[in-house]
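Contents: one structure, followed by commentary.
By written order: A, B, C and D. Residues from 1 in each chain.
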Amino acid sequence: MRVLQRRLADFAAARRWLPYHTPKNLVAALSVEAAELVEIFQWLTPEESAQVMDSPGTAARVEDEVADVLAYLLQFCQTLGIDPAAALSAKIERNEKRFPLPDTPDRHSPE
Amino acid sequence: MRVLQRRLADFAAARRWLPYHTPKNLVAALSVEAAELVEIFQWLTPEESAQVMDSPGTAARVEDEVADVLAYLLQFCQTLGIDPAAALSAKIERNEKRFPLPDTPDRHSPE
Amino acid sequence: MRVLQRRLADFAAARRWLPYHTPKNLVAALSVEAAELVEIFQWLTPEESAQVMDSPGTAARVEDEVADVLAYLLQFCQTLGIDPAAALSAKIERNEKRFPLPDTPDRHSPE
Amino acid sequence: MRVLQRRLADFAAARRWLPYHTPKNLVAALSVEAAELVEIFQWLTPEESAQVMDSPGTAARVEDEVADVLAYLLQFCQTLGIDPAAALSAKIERNEKRFPLPDTPDRHSPE
């Protein structure tokens, strides 16, 4: 992800876009891209939503929006000095405590 | 990112959450988490938005929401077989053609 | 809606919140409240989503978020001098031209 | 708003769109339209955001998105039997208790 962050930063700097890239603006842009992803799915049934990659046109659109979401997330993190992978790793650990696994029969099964 | 995707998939499978993880539901959840990030910034000036990491409480909240956005993005991609880093790399290449760099004096400088 | 707009404006003015109510901030807040509404529905099936008002707790939450969305929409419109009902009425007229009704058998039925 | 709700319901029914209008889908569409409004403002400064109605093209775009947000909000409320004006009125009353006005010198001034 660091290579991608570096390419995004170079890209924006070369086009003199960095003054627009305040954290506030970047999260707005992130939420707009997330909504563009939602838009693809908004009228689909759950079953149809699982088939979107079968249509090359829709698949390309989905991948394009995924790229936009990731791009703004990485630029936001870069601007504020956040390591997104470390943040997610820490969150998974907190969630493992918050949502402990239910005891299951085989874990409790007699030796 | 693959390690994180694996941990997220195991986490959800162990809690029997996978039936809820349709692509449609995952993008909705992604957009909700993006909005929770926006909420932190919604009343801030551009200048204040650049200082959010100075407050430990706000910094933790920002990192927590970044983790949630990344988590849903990775789970969405996993469900549909999308490689988010490859999607972003391809997008940057398309953008380099779409937004070509302006000619600059030194690139045009006489030999 | 004008009475509600007046009450919202008085409420914000009395609490000296108006400096925060730039159009940019108000649309961010609007999108956050819309996402809070989405959050209620994100893991529900289409069928479950039609039953949310059966639970008094969920019904109150839905109404609360509807109020928040409408509040920020009205304040945004007030700030920019937009009449939301007139805007919607004009849009419906445009849509009637954009999506004309299909000819139906009985409209074309022989005399 | 009731007249607009009736027109929207007739419009959707005539086009046989009602099966798509589950509450879950309508809130997704509402959030997408709110994001389209955010998109207009995402790179603007607070000052620029206050001037958007000065450009006829941008003004038309803003009014169009306002209409879309209101349309989906009204259709969502219609589907679930919610009165949005009553919900907002009740919310303002709750907020008046939640954010009481600070005592001000002249309210406390001796007679």
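By definition in this document, contacts are C-beta pairs under 8 Å (C-beta built on N, C-alpha and C of every residue); 3 or more make two chains touch, one makes a residue touch a chain.
Keep in mind the model is a prediction, meaning the values are calculated, not measured.
> Could you see whether A-C or A-B has the larger number of C-beta contact pairs?
A-B
> In whole angstrom, what separates the CA-based centres of chain A and chain D?
For chain A versus chain D, the centre distance works out to 27 Å.
> Any idea how many Å lie between the Cα centroids of chain A and chain B?
The mean C-alpha positions of chain A and chain B differ by 3 Å.
> Could you list the positions in chain A whose residues touch two or more of the other chains?
In chain A, residues 25, 28, 31, 34-35, 38, 41, 46 touch at least two other chains, as defined above.
> Specify the contact topology among the chains shown, as one of line, ring, star, complete or other.
Per interface graph, the chains form a complete graph.
> What does chain D use to touch chain C in their complex?
On the chain D side, the touching residues are 1, 4, 7-8, 11, 14-15, 22-25, 27-28, 30-31, 34-35, 37-38, 40-41, 44, 46, 49-50, 52-53, 62-64, 66-71, 73-74, 76-77, 79-82, 84-85, 87-92, 95-96, 99, 101.
> Could you pull out which chain D residues touch chain A in their complex?
Residues 20, 25, 28-29, 31-32, 34-36, 38-39, 41-43 of chain D touch chain A in their complex.
> Which residues, counting only chain D, touch chain B once they are in their complex?
28, 31, 35, 45-46
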